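Here is the structure we will look at, set down as C-alpha coordinates.
In order of appearance the chains are A, B, C and D, and numbering begins at 1 in each one.
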Amino acid sequence: MRTNEMLQAYPATMNLDRGLLADAVEAIVACAQACTACADACLSEDSVADLRKCVRTDLDCADVCDATARVLSRHTGYDANLSRAVLEACIAACRACADECERHASMHEHCRVCAEACRACEAACGALAATMS
Amino acid sequence: MRTNEMLQAYPATMNLDRGLLADAVEAIVACAQACTACADACLSEDSVADLRKCVRTDLDCADVCDATARVLSRHTGYDANLSRAVLEACIAACRACADECERHASMHEHCRVCAEACRACEAACGALAATMS
Amino acid sequence: MRTNEMLQAYPATMNLDRGLLADAVEAIVACAQACTACADACLSEDSVADLRKCVRTDLDCADVCDATARVLSRHTGYDANLSRAVLEACIAACRACADECERHASMHEHCRVCAEACRACEAACGALAATMS
Amino acid sequence: MRTNEMLQAYPATMNLDRGLLADAVEAIVACAQACTACADACLSEDSVADLRKCVRTDLDCADVCDATARVLSRHTGYDANLSRAVLEACIAACRACADECERHASMHEHCRVCAEACRACEAACGALAATMS
(Lines give C-alpha, C1' and ligand atoms only; values in the text may rest on other atoms or scores of the structure.)
Protein backbone atom coordinates (compact mmCIF):
# COMPACT_ATOMS: atom_id res chain seq x y z
CA MET A 1 0.00 0.00 0.00
CA ARG A 2 1.05 3.58 -0.75
CA THR A 3 -0.66 5.09 2.30
CA ASN A 4 2.41 6.95 3.55
CA GLU A 5 3.35 8.28 0.13
CA MET A 6 -0.19 9.59 -0.36
CA LEU A 7 -0.19 11.23 3.08
CA GLN A 8 3.14 12.94 2.29
CA ALA A 9 1.72 14.19 -1.02
CA TYR A 10 -1.38 15.82 0.51
CA PRO A 11 -1.04 19.52 -0.44
CA ALA A 12 -2.61 21.18 2.64
CA THR A 13 -2.23 20.96 6.41
CA MET A 14 -3.41 17.80 8.12
CA ASN A 15 -5.09 17.67 11.52
CA LEU A 16 -3.99 14.23 12.61
CA ASP A 17 -0.64 12.51 13.13
CA ARG A 18 0.47 11.04 9.80
CA GLY A 19 2.04 7.95 11.41
CA LEU A 20 -1.02 7.02 13.46
CA LEU A 21 -3.24 7.76 10.49
CA ALA A 22 -1.27 5.50 8.13
CA ASP A 23 -1.23 2.72 10.73
CA ALA A 24 -4.99 3.00 11.23
CA VAL A 25 -5.85 3.10 7.52
CA GLU A 26 -3.67 0.05 6.79
CA ALA A 27 -5.08 -1.91 9.73
CA ILE A 28 -8.63 -1.04 8.70
CA VAL A 29 -8.12 -2.05 5.08
CA ALA A 30 -6.50 -5.34 6.13
CA CYS A 31 -9.37 -5.99 8.57
CA ALA A 32 -12.02 -5.38 5.90
CA GLN A 33 -10.36 -7.87 3.57
CA ALA A 34 -9.97 -10.50 6.31
CA CYS A 35 -13.63 -10.11 7.32
CA THR A 36 -14.90 -10.50 3.74
CA ALA A 37 -12.74 -13.61 3.34
CA CYS A 38 -13.78 -15.01 6.74
CA ALA A 39 -17.50 -14.61 5.95
CA ASP A 40 -16.95 -16.55 2.74
CA ALA A 41 -14.85 -19.24 4.43
CA CYS A 42 -17.54 -19.68 7.13
CA LEU A 43 -20.07 -20.13 4.33
CA SER A 44 -18.06 -23.06 2.97
CA GLU A 45 -17.69 -24.84 6.32
CA ASP A 46 -19.74 -28.00 7.01
CA SER A 47 -20.77 -26.30 10.22
CA VAL A 48 -22.10 -23.17 8.51
CA ALA A 49 -25.27 -23.35 10.63
CA ASP A 50 -23.13 -22.71 13.73
CA LEU A 51 -21.41 -19.77 12.07
CA ARG A 52 -24.43 -17.61 11.13
CA LYS A 53 -23.63 -14.89 13.65
CA CYS A 54 -19.97 -14.98 12.63
CA VAL A 55 -20.85 -14.39 8.96
CA ARG A 56 -23.12 -11.52 9.91
CA THR A 57 -20.55 -9.85 12.16
CA ASP A 58 -17.86 -10.31 9.49
CA LEU A 59 -20.07 -8.61 6.89
CA ASP A 60 -20.89 -5.68 9.18
CA CYS A 61 -17.25 -5.24 10.12
CA ALA A 62 -16.14 -5.24 6.47
CA ASP A 63 -18.73 -2.60 5.57
CA VAL A 64 -17.96 -0.32 8.51
CA CYS A 65 -14.20 -0.69 7.95
CA ASP A 66 -14.48 0.19 4.26
CA ALA A 67 -16.41 3.37 5.06
CA THR A 68 -13.97 4.28 7.84
CA ALA A 69 -10.88 3.80 5.66
CA ARG A 70 -12.39 6.21 3.14
CA VAL A 71 -13.31 8.86 5.70
CA LEU A 72 -9.80 8.68 7.21
CA SER A 73 -8.21 8.93 3.75
CA ARG A 74 -9.75 12.42 3.34
CA HIS A 75 -8.29 15.53 4.97
CA THR A 76 -10.02 18.38 3.13
CA GLY A 77 -12.55 20.14 5.39
CA TYR A 78 -11.71 17.90 8.34
CA ASP A 79 -14.53 17.49 10.88
CA ALA A 80 -13.38 15.97 14.19
CA ASN A 81 -16.94 15.13 15.30
CA LEU A 82 -17.61 13.03 12.25
CA SER A 83 -14.21 11.33 12.24
CA ARG A 84 -14.64 10.43 15.91
CA ALA A 85 -18.16 9.01 15.42
CA VAL A 86 -17.00 6.92 12.47
CA LEU A 87 -13.92 5.67 14.35
CA GLU A 88 -16.12 4.70 17.30
CA ALA A 89 -18.43 2.70 15.04
CA CYS A 90 -15.37 1.03 13.54
CA ILE A 91 -13.98 0.14 16.96
CA ALA A 92 -17.40 -1.30 17.96
CA ALA A 93 -17.56 -3.37 14.77
CA CYS A 94 -14.02 -4.71 15.19
CA ARG A 95 -14.59 -5.59 18.83
CA ALA A 96 -17.86 -7.42 18.07
CA CYS A 97 -16.25 -9.31 15.19
CA ALA A 98 -13.11 -10.21 17.16
CA ASP A 99 -15.25 -11.46 20.07
CA GLU A 100 -17.30 -13.65 17.76
CA CYS A 101 -14.36 -14.94 15.68
CA GLU A 102 -12.38 -15.80 18.83
CA ARG A 103 -15.17 -18.18 19.85
CA HIS A 104 -14.41 -20.23 16.71
CA ALA A 105 -10.65 -19.65 16.51
CA SER A 106 -9.65 -23.05 17.85
CA MET A 107 -11.82 -24.77 15.23
CA HIS A 108 -11.35 -22.52 12.22
CA GLU A 109 -8.04 -20.99 11.23
CA HIS A 110 -9.81 -18.27 9.18
CA CYS A 111 -11.63 -17.14 12.33
CA ARG A 112 -8.33 -17.06 14.23
CA VAL A 113 -6.61 -14.94 11.59
CA CYS A 114 -9.67 -12.69 11.20
CA ALA A 115 -9.87 -12.12 14.98
CA GLU A 116 -6.21 -11.04 14.90
CA ALA A 117 -6.94 -8.57 12.09
CA CYS A 118 -9.93 -7.18 14.02
CA ARG A 119 -7.92 -6.75 17.25
CA ALA A 120 -5.09 -5.02 15.36
CA CYS A 121 -7.65 -2.71 13.76
CA GLU A 122 -9.39 -2.00 17.07
CA ALA A 123 -6.00 -1.05 18.61
CA ALA A 124 -4.91 1.17 15.71
CA CYS A 125 -8.27 2.97 15.66
CA GLY A 126 -8.18 3.39 19.42
CA ALA A 127 -4.69 4.93 19.26
CA LEU A 128 -5.85 7.39 16.61
CA ALA A 129 -9.11 8.22 18.40
CA ALA A 130 -7.16 9.01 21.58
CA THR A 131 -5.42 11.91 19.77
CA MET A 132 -8.67 13.54 18.60
CA SER A 133 -9.52 16.56 20.65
CA MET B 1 -37.60 -0.39 -3.36
CA ARG B 2 -38.72 -3.74 -1.92
CA THR B 3 -37.61 -2.95 1.64
CA ASN B 4 -40.95 -3.81 3.23
CA GLU B 5 -41.39 -7.02 1.27
CA MET B 6 -37.89 -8.14 2.28
CA LEU B 7 -38.56 -7.32 5.95
CA GLN B 8 -41.81 -9.34 5.84
CA ALA B 9 -39.94 -12.28 4.30
CA TYR B 10 -37.24 -12.45 6.98
CA PRO B 11 -37.61 -15.94 8.50
CA ALA B 12 -36.69 -15.28 12.15
CA THR B 13 -37.66 -12.80 14.84
CA MET B 14 -36.61 -9.20 14.42
CA ASN B 15 -35.51 -6.90 17.22
CA LEU B 16 -36.57 -3.58 15.76
CA ASP B 17 -39.85 -2.11 14.55
CA ARG B 18 -40.32 -3.07 10.88
CA GLY B 19 -41.94 0.26 9.96
CA LEU B 20 -39.22 2.42 11.48
CA LEU B 21 -36.58 0.13 10.01
CA ALA B 22 -38.00 0.35 6.48
CA ASP B 23 -38.31 4.15 6.76
CA ALA B 24 -34.71 4.43 7.95
CA VAL B 25 -33.24 2.12 5.29
CA GLU B 26 -35.08 3.93 2.49
CA ALA B 27 -34.10 7.38 3.79
CA ILE B 28 -30.46 6.26 4.11
CA VAL B 29 -30.31 4.80 0.62
CA ALA B 30 -31.90 7.93 -0.86
CA CYS B 31 -29.45 10.10 1.10
CA ALA B 32 -26.43 8.14 -0.14
CA GLN B 33 -27.53 8.57 -3.75
CA ALA B 34 -28.22 12.30 -3.32
CA CYS B 35 -24.80 12.81 -1.69
CA THR B 36 -22.94 11.00 -4.49
CA ALA B 37 -24.82 13.07 -7.07
CA CYS B 38 -24.28 16.33 -5.14
CA ALA B 39 -20.51 15.74 -4.88
CA ASP B 40 -20.40 15.26 -8.64
CA ALA B 41 -22.60 18.29 -9.35
CA CYS B 42 -20.37 20.45 -7.10
CA LEU B 43 -17.39 19.24 -9.10
CA SER B 44 -18.97 20.58 -12.30
CA GLU B 45 -19.79 24.03 -10.87
CA ASP B 46 -17.70 27.05 -11.96
CA SER B 47 -17.33 27.76 -8.25
CA VAL B 48 -15.91 24.32 -7.43
CA ALA B 49 -13.12 25.95 -5.38
CA ASP B 50 -15.78 27.24 -2.94
CA LEU B 51 -17.37 23.80 -2.70
CA ARG B 52 -14.37 21.71 -1.60
CA LYS B 53 -15.72 21.05 1.88
CA CYS B 54 -19.15 20.30 0.44
CA VAL B 55 -17.72 17.62 -1.88
CA ARG B 56 -15.82 16.09 1.00
CA THR B 57 -18.82 16.00 3.33
CA ASP B 58 -20.99 14.56 0.56
CA LEU B 59 -18.48 11.75 -0.03
CA ASP B 60 -18.21 10.91 3.66
CA CYS B 61 -21.98 10.93 4.05
CA ALA B 62 -22.47 8.63 1.05
CA ASP B 63 -19.92 6.15 2.42
CA VAL B 64 -21.29 6.11 5.96
CA CYS B 65 -24.89 5.85 4.69
CA ASP B 66 -24.05 2.90 2.43
CA ALA B 67 -22.47 1.00 5.32
CA THR B 68 -25.38 1.87 7.62
CA ALA B 69 -28.04 0.73 5.13
CA ARG B 70 -26.26 -2.62 4.92
CA VAL B 71 -25.93 -3.09 8.68
CA LEU B 72 -29.64 -2.23 9.15
CA SER B 73 -30.64 -4.64 6.37
CA ARG B 74 -29.27 -7.54 8.46
CA HIS B 75 -31.16 -9.07 11.39
CA THR B 76 -29.31 -12.34 12.00
CA GLY B 77 -27.29 -12.19 15.24
CA TYR B 78 -28.49 -8.66 16.02
CA ASP B 79 -26.11 -6.62 18.18
CA ALA B 80 -27.69 -3.46 19.62
CA ASN B 81 -24.33 -1.90 20.53
CA LEU B 82 -23.04 -2.10 17.00
CA SER B 83 -26.29 -0.95 15.39
CA ARG B 84 -26.42 2.03 17.72
CA ALA B 85 -22.79 3.04 17.06
CA VAL B 86 -23.32 2.81 13.31
CA LEU B 87 -26.59 4.78 13.48
CA GLU B 88 -24.86 7.47 15.52
CA ALA B 89 -22.09 7.78 12.94
CA CYS B 90 -24.77 8.00 10.23
CA ILE B 91 -26.64 10.73 12.10
CA ALA B 92 -23.36 12.67 12.55
CA ALA B 93 -22.55 12.34 8.83
CA CYS B 94 -26.05 13.44 7.75
CA ARG B 95 -26.02 16.41 10.10
CA ALA B 96 -22.58 17.57 8.94
CA CYS B 97 -23.56 17.19 5.28
CA ALA B 98 -26.93 18.94 5.73
CA ASP B 99 -25.24 21.84 7.56
CA GLU B 100 -22.72 22.25 4.76
CA CYS B 101 -25.19 21.82 1.88
CA GLU B 102 -27.61 24.32 3.46
CA ARG B 103 -24.90 26.98 3.24
CA HIS B 104 -25.00 26.61 -0.57
CA ALA B 105 -28.70 25.81 -0.98
CA SER B 106 -29.71 29.25 -2.22
CA MET B 107 -27.04 29.12 -4.93
CA HIS B 108 -27.14 25.47 -5.96
CA GLU B 109 -30.34 23.48 -6.31
CA HIS B 110 -28.39 20.17 -5.92
CA CYS B 111 -27.20 21.32 -2.49
CA ARG B 112 -30.76 22.26 -1.52
CA VAL B 113 -32.14 18.85 -2.54
CA CYS B 114 -29.21 17.02 -0.94
CA ALA B 115 -29.66 18.91 2.34
CA GLU B 116 -33.32 17.80 2.34
CA ALA B 117 -32.27 14.18 1.82
CA CYS B 118 -29.74 14.44 4.66
CA ARG B 119 -32.27 15.98 7.07
CA ALA B 120 -34.83 13.29 6.23
CA CYS B 121 -32.17 10.63 6.83
CA GLU B 122 -31.06 12.21 10.10
CA ALA B 123 -34.70 12.23 11.30
CA ALA B 124 -35.43 8.63 10.26
CA CYS B 125 -32.22 7.36 11.89
CA GLY B 126 -32.96 9.34 15.03
CA ALA B 127 -36.46 7.85 15.27
CA LEU B 128 -35.02 4.35 14.94
CA ALA B 129 -32.15 4.99 17.37
CA ALA B 130 -34.65 6.20 19.99
CA THR B 131 -36.22 2.72 20.09
CA MET B 132 -32.93 0.89 20.71
CA SER B 133 -32.64 -0.18 24.29
CA MET C 1 -35.45 8.81 -3.72
CA ARG C 2 -34.54 12.20 -5.21
CA THR C 3 -32.79 10.76 -8.29
CA ASN C 4 -34.75 12.83 -10.80
CA GLU C 5 -34.41 16.06 -8.85
CA MET C 6 -30.65 15.53 -8.61
CA LEU C 7 -30.40 14.79 -12.35
CA GLN C 8 -32.33 18.00 -13.14
CA ALA C 9 -30.00 19.98 -10.85
CA TYR C 10 -26.78 18.80 -12.53
CA PRO C 11 -25.15 22.00 -13.82
CA ALA C 12 -23.48 20.76 -17.02
CA THR C 13 -24.49 18.73 -20.05
CA MET C 14 -25.24 15.07 -19.59
CA ASN C 15 -24.37 12.33 -22.06
CA LEU C 16 -27.14 9.87 -21.26
CA ASP C 17 -30.93 10.00 -21.26
CA ARG C 18 -32.10 11.32 -17.87
CA GLY C 19 -35.17 9.07 -17.76
CA LEU C 20 -33.28 5.86 -18.49
CA LEU C 21 -30.55 6.91 -16.10
CA ALA C 22 -32.96 7.57 -13.23
CA ASP C 23 -34.73 4.27 -13.87
CA ALA C 24 -31.42 2.40 -13.86
CA VAL C 25 -30.05 4.06 -10.71
CA GLU C 26 -33.27 3.40 -8.79
CA ALA C 27 -33.46 -0.23 -9.94
CA ILE C 28 -29.80 -0.77 -9.02
CA VAL C 29 -30.17 0.74 -5.57
CA ALA C 30 -33.31 -1.32 -4.89
CA CYS C 31 -31.52 -4.46 -6.11
CA ALA C 32 -28.52 -3.87 -3.84
CA GLN C 33 -30.79 -3.51 -0.80
CA ALA C 34 -32.79 -6.63 -1.70
CA CYS C 35 -29.59 -8.66 -2.19
CA THR C 36 -28.14 -7.59 1.17
CA ALA C 37 -31.43 -8.50 2.87
CA CYS C 38 -31.71 -11.81 0.98
CA ALA C 39 -28.18 -12.87 1.98
CA ASP C 40 -29.09 -12.21 5.61
CA ALA C 41 -32.46 -13.98 5.36
CA CYS C 42 -30.75 -17.03 3.78
CA LEU C 43 -28.34 -17.04 6.72
CA SER C 44 -31.28 -17.36 9.14
CA GLU C 45 -32.95 -20.24 7.28
CA ASP C 46 -32.79 -23.76 8.74
CA SER C 47 -31.58 -24.82 5.31
CA VAL C 48 -28.67 -22.36 5.24
CA ALA C 49 -26.35 -25.16 4.06
CA ASP C 50 -28.37 -25.38 0.83
CA LEU C 51 -28.20 -21.63 0.33
CA ARG C 52 -24.41 -21.06 0.40
CA LYS C 53 -24.19 -20.17 -3.27
CA CYS C 54 -27.25 -17.94 -2.95
CA VAL C 55 -25.64 -15.96 -0.10
CA ARG C 56 -22.46 -15.56 -2.10
CA THR C 57 -24.23 -14.41 -5.26
CA ASP C 58 -26.36 -11.99 -3.21
CA LEU C 59 -23.24 -10.46 -1.66
CA ASP C 60 -21.48 -10.08 -5.00
CA CYS C 61 -24.57 -8.56 -6.59
CA ALA C 62 -24.97 -6.04 -3.74
CA ASP C 63 -21.33 -4.97 -4.04
CA VAL C 64 -21.35 -4.62 -7.82
CA CYS C 65 -24.71 -2.78 -7.75
CA ASP C 66 -23.48 -0.29 -5.13
CA ALA C 67 -20.41 0.56 -7.21
CA THR C 68 -22.52 0.83 -10.38
CA ALA C 69 -25.09 3.16 -8.79
CA ARG C 70 -22.24 5.46 -7.79
CA VAL C 71 -20.57 5.46 -11.20
CA LEU C 72 -23.93 6.21 -12.89
CA SER C 73 -24.64 9.01 -10.41
CA ARG C 74 -21.61 10.91 -11.73
CA HIS C 75 -21.62 12.87 -14.99
CA THR C 76 -18.49 15.02 -14.76
CA GLY C 77 -15.81 13.81 -17.18
CA TYR C 78 -18.06 11.05 -18.55
CA ASP C 79 -16.21 8.05 -19.98
CA ALA C 80 -18.41 5.75 -22.07
CA ASN C 81 -15.92 2.86 -21.98
CA LEU C 82 -15.87 2.75 -18.21
CA SER C 83 -19.63 3.20 -17.82
CA ARG C 84 -20.22 0.37 -20.27
CA ALA C 85 -17.79 -2.02 -18.56
CA VAL C 86 -19.35 -1.31 -15.17
CA LEU C 87 -22.89 -1.72 -16.51
CA GLU C 88 -21.90 -5.04 -18.09
CA ALA C 89 -20.51 -6.30 -14.79
CA CYS C 90 -23.72 -5.18 -13.10
CA ILE C 91 -25.87 -7.00 -15.65
CA ALA C 92 -23.75 -10.16 -15.18
CA ALA C 93 -24.12 -9.94 -11.39
CA CYS C 94 -27.89 -9.39 -11.56
CA ARG C 95 -28.36 -12.25 -14.00
CA ALA C 96 -26.30 -14.66 -11.88
CA CYS C 97 -28.14 -13.65 -8.72
CA ALA C 98 -31.60 -13.83 -10.33
CA ASP C 99 -30.79 -17.29 -11.73
CA GLU C 100 -29.72 -18.53 -8.32
CA CYS C 101 -32.56 -16.90 -6.35
CA GLU C 102 -35.17 -18.25 -8.78
CA ARG C 103 -34.02 -21.78 -7.90
CA HIS C 104 -35.18 -21.13 -4.31
CA ALA C 105 -38.13 -18.83 -5.04
CA SER C 106 -40.82 -21.43 -4.45
CA MET C 107 -39.37 -22.24 -1.03
CA HIS C 108 -38.24 -18.81 0.17
CA GLU C 109 -40.23 -15.63 -0.35
CA HIS C 110 -37.08 -13.50 0.13
CA CYS C 111 -35.45 -15.29 -2.81
CA ARG C 112 -38.57 -14.70 -4.92
CA VAL C 113 -38.62 -10.97 -4.16
CA CYS C 114 -34.86 -10.67 -4.61
CA ALA C 115 -34.99 -12.42 -7.99
CA GLU C 116 -37.63 -9.89 -9.07
CA ALA C 117 -35.39 -7.01 -7.98
CA CYS C 118 -32.43 -8.51 -9.89
CA ARG C 119 -34.46 -9.02 -13.09
CA ALA C 120 -35.79 -5.44 -12.90
CA CYS C 121 -32.22 -4.21 -12.44
CA GLU C 122 -30.89 -6.33 -15.30
CA ALA C 123 -33.60 -4.90 -17.58
CA ALA C 124 -33.05 -1.27 -16.57
CA CYS C 125 -29.27 -1.60 -16.99
CA GLY C 126 -29.74 -3.31 -20.35
CA ALA C 127 -32.00 -0.50 -21.58
CA LEU C 128 -29.41 2.09 -20.56
CA ALA C 129 -26.47 0.12 -21.98
CA ALA C 130 -28.27 -0.11 -25.35
CA THR C 131 -28.10 3.69 -25.69
CA MET C 132 -24.36 3.90 -25.10
CA SER C 133 -22.50 4.45 -28.33
CA MET D 1 -2.58 -7.58 5.04
CA ARG D 2 -3.44 -11.20 5.82
CA THR D 3 -4.55 -12.07 2.28
CA ASN D 4 -2.32 -15.12 1.95
CA GLU D 5 -3.17 -16.49 5.39
CA MET D 6 -6.89 -16.15 4.64
CA LEU D 7 -6.48 -17.88 1.26
CA GLN D 8 -4.61 -20.76 2.95
CA ALA D 9 -7.41 -21.07 5.54
CA TYR D 10 -10.23 -21.35 2.99
CA PRO D 11 -11.80 -24.77 3.70
CA ALA D 12 -12.86 -25.86 0.20
CA THR D 13 -11.24 -26.07 -3.24
CA MET D 14 -10.36 -22.86 -5.00
CA ASN D 15 -10.66 -22.27 -8.74
CA LEU D 16 -7.92 -19.69 -9.17
CA ASP D 17 -4.20 -19.59 -8.46
CA ARG D 18 -3.68 -18.46 -4.86
CA GLY D 19 -0.56 -16.44 -5.64
CA LEU D 20 -2.11 -14.49 -8.50
CA LEU D 21 -5.25 -13.99 -6.45
CA ALA D 22 -3.39 -12.61 -3.44
CA ASP D 23 -1.35 -10.30 -5.69
CA ALA D 24 -4.51 -9.02 -7.38
CA VAL D 25 -6.46 -8.47 -4.14
CA GLU D 26 -3.57 -6.57 -2.54
CA ALA D 27 -2.99 -4.43 -5.64
CA ILE D 28 -6.72 -3.64 -5.85
CA VAL D 29 -7.02 -2.68 -2.21
CA ALA D 30 -3.92 -0.46 -2.43
CA CYS D 31 -5.30 1.14 -5.60
CA ALA D 32 -8.66 1.90 -3.97
CA GLN D 33 -6.96 3.63 -1.06
CA ALA D 34 -4.65 5.65 -3.33
CA CYS D 35 -7.60 6.75 -5.48
CA THR D 36 -9.65 7.90 -2.48
CA ALA D 37 -6.64 9.84 -1.18
CA CYS D 38 -5.85 11.30 -4.63
CA ALA D 39 -9.43 12.54 -5.10
CA ASP D 40 -9.19 14.31 -1.75
CA ALA D 41 -5.73 15.73 -2.48
CA CYS D 42 -6.97 17.07 -5.85
CA LEU D 43 -9.82 18.76 -3.99
CA SER D 44 -7.30 20.65 -1.84
CA GLU D 45 -5.19 21.87 -4.76
CA ASP D 46 -5.38 25.54 -5.83
CA SER D 47 -5.94 24.19 -9.33
CA VAL D 48 -8.94 22.05 -8.36
CA ALA D 49 -10.88 23.39 -11.36
CA ASP D 50 -8.33 21.69 -13.67
CA LEU D 51 -8.64 18.42 -11.76
CA ARG D 52 -12.41 17.81 -11.99
CA LYS D 53 -12.07 14.83 -14.31
CA CYS D 54 -9.24 13.45 -12.17
CA VAL D 55 -11.41 13.55 -9.03
CA ARG D 56 -14.24 11.83 -10.85
CA THR D 57 -12.04 9.09 -12.28
CA ASP D 58 -10.42 8.55 -8.87
CA LEU D 59 -13.83 8.12 -7.24
CA ASP D 60 -15.03 5.66 -9.87
CA CYS D 61 -11.81 3.66 -9.64
CA ALA D 62 -12.04 3.46 -5.83
CA ASP D 63 -15.64 2.22 -6.01
CA VAL D 64 -15.01 -0.37 -8.70
CA CYS D 65 -11.83 -1.57 -6.95
CA ASP D 66 -13.61 -1.99 -3.61
CA ALA D 67 -16.34 -4.12 -5.21
CA THR D 68 -13.75 -6.16 -7.13
CA ALA D 69 -11.62 -6.86 -4.04
CA ARG D 70 -14.72 -8.22 -2.33
CA VAL D 71 -15.80 -10.42 -5.22
CA LEU D 72 -12.26 -11.84 -5.53
CA SER D 73 -12.13 -12.49 -1.76
CA ARG D 74 -15.01 -14.96 -2.12
CA HIS D 75 -14.56 -18.50 -3.42
CA THR D 76 -17.81 -20.24 -2.43
CA GLY D 77 -19.98 -20.93 -5.49
CA TYR D 78 -17.37 -19.46 -7.86
CA ASP D 79 -18.79 -18.10 -11.13
CA ALA D 80 -16.13 -17.45 -13.79
CA ASN D 81 -18.44 -15.28 -15.90
CA LEU D 82 -19.12 -12.88 -13.08
CA SER D 83 -15.50 -12.76 -11.88
CA ARG D 84 -14.33 -12.02 -15.41
CA ALA D 85 -16.88 -9.24 -15.97
CA VAL D 86 -15.96 -7.62 -12.66
CA LEU D 87 -12.23 -7.91 -13.37
CA GLU D 88 -12.74 -6.32 -16.79
CA ALA D 89 -14.60 -3.39 -15.25
CA CYS D 90 -11.76 -3.04 -12.73
CA ILE D 91 -9.12 -3.06 -15.46
CA ALA D 92 -11.10 -0.41 -17.39
CA ALA D 93 -11.39 1.77 -14.26
CA CYS D 94 -7.69 1.46 -13.44
CA ARG D 95 -6.64 2.24 -16.99
CA ALA D 96 -8.89 5.32 -17.19
CA CYS D 97 -7.65 6.56 -13.82
CA ALA D 98 -3.98 5.92 -14.61
CA ASP D 99 -4.33 7.73 -17.95
CA GLU D 100 -5.90 10.74 -16.25
CA CYS D 101 -3.52 10.83 -13.27
CA GLU D 102 -0.47 10.54 -15.56
CA ARG D 103 -1.51 13.80 -17.24
CA HIS D 104 -1.02 15.57 -13.88
CA ALA D 105 1.87 13.48 -12.54
CA SER D 106 4.58 16.05 -13.23
CA MET D 107 2.61 18.71 -11.33
CA HIS D 108 1.11 16.69 -8.48
CA GLU D 109 2.98 13.99 -6.61
CA HIS D 110 -0.34 12.41 -5.43
CA CYS D 111 -1.34 11.92 -9.07
CA ARG D 112 2.04 10.34 -9.83
CA VAL D 113 1.75 7.88 -6.93
CA CYS D 114 -1.90 7.15 -7.70
CA ALA D 115 -1.11 6.44 -11.37
CA GLU D 116 1.53 3.94 -10.21
CA ALA D 117 -1.02 2.21 -7.97
CA CYS D 118 -3.54 2.06 -10.84
CA ARG D 119 -0.98 0.61 -13.28
CA ALA D 120 0.08 -2.03 -10.73
CA CYS D 121 -3.57 -2.92 -10.20
CA GLU D 122 -4.28 -3.06 -13.93
CA ALA D 123 -1.32 -5.45 -14.37
CA ALA D 124 -2.24 -7.73 -11.45
CA CYS D 125 -5.88 -7.94 -12.60
CA GLY D 126 -4.77 -8.63 -16.15
CA ALA D 127 -2.49 -11.47 -15.01
CA LEU D 128 -5.36 -13.02 -13.06
CA ALA D 129 -7.90 -12.52 -15.85
CA ALA D 130 -5.56 -14.30 -18.28
CA THR D 131 -5.88 -17.52 -16.23
CA MET D 132 -9.69 -17.54 -16.26
CA SER D 133 -11.00 -20.07 -18.71
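In the analysis below, a residue touches a chain if its C-beta (ideal position, glycine included) is under 8 Å from a C-beta of that chain, and two chains touch if they have at least 3 such contacts.
Just so it is clear, the model here is predicted, and its values are computed rather than measured.
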Chain of greatest Cα-centre distance to chain B: D
Comparison of A-B and A-D (more C-beta pairs in contact): A-D
Whole-Å gap between the CA centroids of chain A and chain C: 26
Distance from the mean Cα position of chain B to that of chain A, given in whole angstrom: 21
Multi-chain contact residues (two or more partners), chain B: 40, 43-44, 52, 55-56, 59, 66, 70, 74, 76
For the chain B and chain A complex, residues of the former touching the latter: 52-53, 55-57, 59-60, 63-64, 66-67, 70-71, 74, 76-77, 79, 81-82, 85-86, 88-89, 92-93, 96, 100
Residues on chain D engaged by chain A in the complex (per definition of touch): 1-3, 5-12, 25, 29-30, 33-34, 36-38, 40-41, 43-45, 62, 66, 69-70, 73-76, 108-110, 113-114, 116-117
Of all residues in chain A, those that touch chain C in their complex: 39-40, 43-44, 48-49, 52, 55-56, 59
